[in-house]
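In the part that follows, the structures are each spelled out as C-alpha cells.
Shared between the two complexes below is chain A, which pairs with chain B and chain C, respectively.
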Partner chain A sequence: MNQNPPAAFNSAKANESLAPFTPPDWWASPDTEKVKSSRAFDRASGKTIRGIASFMKETVFAQNHAVSGGLLQSLDPRMKLVTFFAMIVSVSFIKHPAHLLFVYVLTLALAAMSRIPIPFFVKRVWFFIPIFSAVIALPALILVPGKPIAHLFTLAGHDISITSQGLDSSLLFVLRVASSVSLAILLTLTTKWTQLLQSLRTIRVPSIFVLILGLTYRYIFHILDQVLETYEARLSRTISRQSAAKERGWIAGRAGHTLIHAMKTGDGVYEAMASRGFTGDPVFYSEHVSGIGDILFVFTAAAVIILIAVFGGFV
Partner chain B sequence: MNIYDIDNVSFSYSGKFSAISGVSMTIAPGEKVALLGPNGSGKSTLLRMMDALVFPDSGEISFMGRVLIEDNLHDEANTFFRKNVALLFQNPEIQLFSPTVFDDVLFGPMQLGIPRDEALHRAEESLEKLRIAALRDRSTHELSIGEKKRVAIAGLLAIDPGVLLLDEPTAGLDPRSCRDLIDIISSAGESGKTIITATHDLHLADELSDKAFVFSDEKTIIASGATNDVLSDTERLREWNLTHIHRHKHGGRWHEHEHKHL
Partner chain C sequence: MHIPDGYLGPQTYIVMYGAMTPFWAVAAKKVRATLKARQAPMIAMAAVFSFVIMMFNVPAPGGTTGHATGAAIAAIVLGPWAASLAVSTALVVQAILFGDGGITAIGANCFTMAVIMPFTAWIFYKSLCGSENSSVRRKTIAAGIAGYISLNAAAFATSILFGIQPLIASRPDGTPLYSPYPLKVAIPAMMVEHLFIFGFVEAVVTALIVGYLYKAEPAIFTSEVTRPMRKSVSAILWAAVAVITILTPIGMIAPGTAWGEWSAEEIGKRIGFIPQGFSKLQNVWNALLPDYSIPALSGKYGAVGAYIISGIVGIIVSGLIVFAIAKLITARKPSKQELESS
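Moving on, here comes the complex of A and B:
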C-alpha cells in the first residue's frame, strides 16, 4: 500500500500496450484566444435534424393516445383495421362534397369519443393535406374546363381563370384526402403499432411484408437516435461558423455513413433471426379475441357506408 | 460424441482481414467453456461459426458429428441444429428485432415448429424465470440495456437449446444487472446445458467456465486448460493483455493490484 501515487504504475510491471498515459504539455495551458462562436450549424442543419427526429417520434412512436381508453381503443384492432380500410376505400368512391363532409365530421366525432383532443387531431390531419393534395388540387382549379369565376392572368393571348368546375373538383379532392387521412390517422392514433402489425398478420397480409414493416418500425427509432447522437457529437466540437459547402459535405457524409450502418444492422438482424430458426417464411402468433362491441362497430360502419351509397353518394 | 469438434479452422473477411487462424478445439456435452482474449482476437467470429452463421474458409467445424456447412443445414437438419444451439449476440439491439418483448421471446419457438401451446408456455415461463413478465407487452426499443439482455436470454431459453453461445454477455451492464445475469447463466449451466462464453472479463470466465481457451491478437489459440490454471498464471495473463495494473485511491492512500476485467 502506498501513500503516494505508486511508482510501479509507471514501471515495467504494467503491460506495454497499456503504458501509462502522460498528458501533453498543452493540456495545462488552455487556449484563451477569443473565438467568435456561431450556432449557424445549429440553426440550419440542427433544426432540420431535430425537427425530423421530433416529428417522427411524435407521429410514429407516440402511443399515449393508443392507451387512453376511449371508444376506438377498446375495439379489437383487427376489426378496426378492416373497418377503417373499408371506409377509406368507400371514401374514394364518394362524389358529393356534402357526403365527404359528413364522413369528415364523423371522424371528428370518433376522435372525440376516443379521447383525442380535437385541435391536436385536426392539426395532425391538415399537416398532411397540402403534401398529398396541393400538387393535384391547385392545377385543377385552372385546368378543369368550365365556367370562369375568377380571372387570374393572361398568357399568350389566353385568359387563365379559376373555373367553377375546377373549384368543385379541387374541393372534392381535398375533402377526399382529408377524410381518408383522418381515418388513417385515427386508426394509427388509437391503435398500438404492435397491435396494428398483429392485425395485418391476421387479415392475411403476407407475413414477410408484415415482418419488414415491423423491422422498419423497430429500427427507425434506433437509427434516428444514432443520427441525433452524431449531430450532437459534432455540435459539441463546433465553435466557429462552417461554410455552407462544408455543412452540405458533412451532411452527405453522415447520410452515407447512416446508410452503411443501417445495412450492417440489417445483416446483424438477419443473422439474429436465422440463429433462432428463421428461414425466410416467418411464423407469428396472434392473441386477439373479438367481442360483441367489435361486431357492433363493424355493423355500424357498414351501415354508414351503405347509407352513403344508397343516398347517391357513390359514382 | 463431442458437441463440437473444431479442426484447424481459419476465416477471413473479404478474403483479406484474418478473423480466425488455425483454431482447433473439442467441446464435450455439458462443458462450461470460456473463450478468452482481447478485443478483435476472433472470439465473436468463432461463436458465429459455431452457430453456423458464417462458415470456415479452411478447416472444419462439426456439431454432434455432423460437419457444419451450408449444404448440411436445410429443413429438418437446420431445425434440429437451431433447436440445439442458441447464440446471445453482444449487441442486444440487433437481437431484439420484434416489436414487443413477448413477440421476441416467442419468435424462436414459433419458427422452430414448437406447438403453439407449448411455445406460449415456454415464452411465459421464460419471462417469469427472468423476472421480466412485467415487460411482456413493452416495445423492445423502450427497454434499458439490462432489460434488453434479459429479454434476449429469455428468447434463447424459450428455445431450450442444449448449447448456449454467449458473446460478451455482461458487456455494458451495471454491476447489479451483471450479477443477475451471471446467476441466470449459472443456473442454466447447472441444468446440464453446454455453455460457451466469449469474454475478456476474467471474473466472468472464473464463474462461468471450467475450461478456457486463450486467443491472441494473431487470432489463434495460444493457451488452453482448466480455467483455474489459466487464471492463476498471472505473468502470462499480463502477456496476453488480459490483466493490467490497476491503481485507485482509498481514504487518501493509493492501492495497486492486478485488474482482471477491462
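Moving on, here comes the complex of A and C:
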C-alpha cells in the first residue's frame, strides 16, 4: 500500500543511527555488577546447550550404522524386532550369571558381524546404565544376607563379609542389565528408525500409535533445534551473568514457550496432513519381504533361547 | 526414574503391562473423543514437549543443576488423560529408539510416570487452585505443590517396585534375582533425593512454567475447558479401584502370602515367636472378616471370590473414610476474590 521506502531510510532517525555508539545506561548499572559472581548461566544453560548438541550428534551418527550393510542390517526389521524382544524377555528369566555372560558375549559377536566397532559398542552400552547399576550393586555384595565367603573387616563387633548370595545377586544384576541394554542398543543401531517403528505393527501395536511415535521422533529434533537456537542467540548477546533466580525464570519461560510452540506446530502439522487427505486412520506399507536368511536367524535365536532354558537357565 | 531392563522380574513387569493396557485404551478413547483426527499430531507434540523439557537444565541451590520431568505440567495444561498418552509415547520412544529405560519395563515406567504422576499432579492442582477465576499466584503455587507431590508419588511407586523384587523373586538360597535391595533400603534410597532435591526442582519449574503460560498463552490450558473436576475425579478413582480389584486375585496365585500380610502363625515361623499383642488382635479381626473369607464361600475358587468380596468391602469402607476427609478439606469458604468475580 505504502509506495514510499521504509521510514528508516528517509527519516531523521537514519542519521541518528550513524552517530557514534554510546553504551546504554543499563550496561553500567549496579544490577549487572552485583551478579557477576553467579555462574548460573555457565552451569545450567551451558549444560543444556552441550546436552542437546551431543544428543543430536550421537543420534545422527548412530543412524550411520543402520546402513553399513552387516549381518543384522540385512535382516527383515520385523523378524529382527520380534527376535530381539523375545531375547530381551528371555534374558529376564535367566537365573545363572554364566548364562547371562553367554548372552552378553553373543551380543558382542553379533555387533562384530554387523560391522559395529566393538570399542564403540561397548562404550555405548556400558556408559551410564550398566556402570550406574554396577555402582548400585556393590553394596549388595555385603548387604545381601547369606553364606560368608570372604571376610572384609570387623565393624563394632560385627563381621563384614562378602556373601555367596551377595556376589551372585550382584553378578546377576549387572550382567542382566548389560545383556538387555546390549540387545536393545544392537537393535536400534542396526535398524533405521522408520523401519523399526513400522515393524511395531507386527506385534499388534495400533497403527495410530505407530503414527504418533513416528511424529514424536521426527519433531523431537525440530523442536530441539529451535531450543538450541534460542540458547545460542541468547548466549551471543549475553554480556553479564544473571542471578540464579532470574536465570530460572528465563529458562522456565523458554520451556513454557516450547510447549506453546509445540502445540502450534501440532496444529500446523494436522492441517498439512488434513490437506493431503488424512482422516485419522494412517495407512502403512512395507517394502520388506522375509528371505531365507531371516528364517535362519529366527531359528538360530529360538535355538539359543531353548538351549539356555533347557540347561537350567529359567527353571 | 526410568527403570532399565533387568531391574524388575517378569512377575512385576508383566503385571505392569497388564495394568497399563486398559489405561491406554481408556486414555486413547477419551482423547479421541475430544481431539478427533487432530489427536495424532497433538499427542505427538505433547510427547515431544515431555521429552524436550528434560533437556532444560535449571540452576539448583548448592551449585548443582536439575531438570523437571514434565508430566505434571502436561497434566495441568492438557488434562491427565492426554498427558498420560503423551508421556507414555515419550517413554516408548525413549525405550525403543534411544535405549533409555527398559523395553520390558515400559509398562512399569508408564505406570509411575504416565499414570501416577500426571493424575496425582492434576488432582492436587485442581483441588488446590479452586475455581477457574482464582488468581494466577494461587494457580502457580498450586502447580508447584502438585509438581512436588506428584514427583514424589511416582518416585515412591518406583521404589516399591524395586523393593519388592527380593521378596517375590529370589533363589531358594535367598539370592535376589533382580534389583537386590529390600523395601527398607530401596524406599529411603529413592525418597531422600526426591523429597529433598528433585521434588523442589520439579516444584519450582512447574510453578514457573505454569505462571509463564498463564501470562503468555492462557488459552493453552485445555484441561480447564474439559468437564468439571468432580465427575472426572470420580471416574479416575473408579478406574483405579477397578484395576486394583481385578488384579487382587494375582496375589492369590502368587506363592506365599503378600508381604506384610502374614498371619500370626507365619510371623511365628519367620521370627521365631508370636508377639502376644498380635495374637490377641488377630482374634478381634477374625471376628469381623475371618481371614478375608466368608464361610459360605469355600474351596479354591470360593476363596478367590471371597477375597474379591472382602476387597470390595474394604475398598468401600476406606473410600468412605477418604471421601469424608476430602469433604472436610474442600468444604472451605470461597475467597474474597471469587465472591467479587461471581
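The working rule: the second predicted complex is superposed on the first by the 224 of 315 C-alpha atoms of A that agree within 3 Å, B and C clash if a C-alpha of one lies under 4 Å from a C-alpha of the other, contacts with A are read in each partner's own complex, and residues count from 1 in each chain.
Note that in this section a contact is a pair of C-beta atoms (placed from the backbone, for glycine too) under 8 Å apart; a residue touches a chain by one contact, two chains touch by 3 or more.
Nothing here was measured: the structure is a model prediction, and the numbers come from that model.
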**Message:** Taking the superposition on A as described, I'd like to know which of chain B and chain C A:194 touches: first, second, both or neither.
**Reply:** first
**Prompt:** Where does A:285 make contact in the superposed view: on chain B (first), on chain C (second), on both, or on neither?
**Reply:** first
**Message:** According to the stated criteria, A:172 is in contact with first (chain B), second (chain C), both, or neither; which is it?
**Reply:** second
**Request:** Report for A:88: first if it touches chain B alone, second if chain C alone, otherwise both or neither.
**Result:** second
**Request:** Quick one: classify A:251 as touching chain B (first), chain C (second), both or neither.
**Result:** second
**Prompt:** For A:137, is the partner it touches chain B (first), chain C (second), both, or none of the two (neither)?
**Reply:** second
**Prompt:** If you stack the two complexes on chain A, which partner ends up touching A:277: first (chain B), second (chain C), both, or neither?
**Reply:** first
**Message:** Once chain A of both complexes is superposed, is A:217 in touch with chain B (first), chain C (second), both, or neither?
**Reply:** both
**Message:** Per the contact definition in the header, classify A:71: touching chain B only (first), chain C only (second), both, or neither.
**Reply:** neither
**Asked** On chain A, which partner touches more residues: chain B or chain C?
**Response** C
**Residues of chain A contacting chain B in one complex and chain C in the other** = 193, 197, 215, 217, 219, 265, 269, 273-274, 278-279, 282
**Residue numbers on chain A that touch chain B, as the complex places them** = 1-6, 8-9, 13-15, 17-18, 193-194, 197, 214-215, 217-219, 221-222, 265, 268-269, 271-279, 282-285
**Complete:** Residue set of chain B touching chain A in the complex reads 48, 51, 53, 78-79, 82-83, 86-87, 89, 91, 93-95, 97-100, 103, 106-108, 110-113, 116, 119-120, 137, 139-141, 155-156, 159, 238, 241, 243-245, 247, 252-256
**Prompt:** chain C touches which residues of chain A in the complex?
**Reply:** 40, 43-45, 47-48, 51-52, 55, 59, 85, 88-89, 91-93, 95, 129, 133, 137, 140, 143-146, 164-166, 168-170, 172-173, 176-181, 184-185, 188, 193, 196-197, 200, 206, 208-209, 211-213, 215-217, 219-220, 223-224, 227, 244, 247-249, 251-260, 262-263, 265-267, 269-270, 273-274, 278-280, 282
**Message:** Quick check: in the complex, which residue numbers of chain C touch chain A?
**Reply:** 4-7, 9-10, 13, 28, 36-49, 51-53, 55-59, 61, 63, 65, 68, 73, 77, 89-90, 92-93, 95-99, 102-104, 166, 171, 173-181, 185, 204-205, 208-213, 216-217, 220
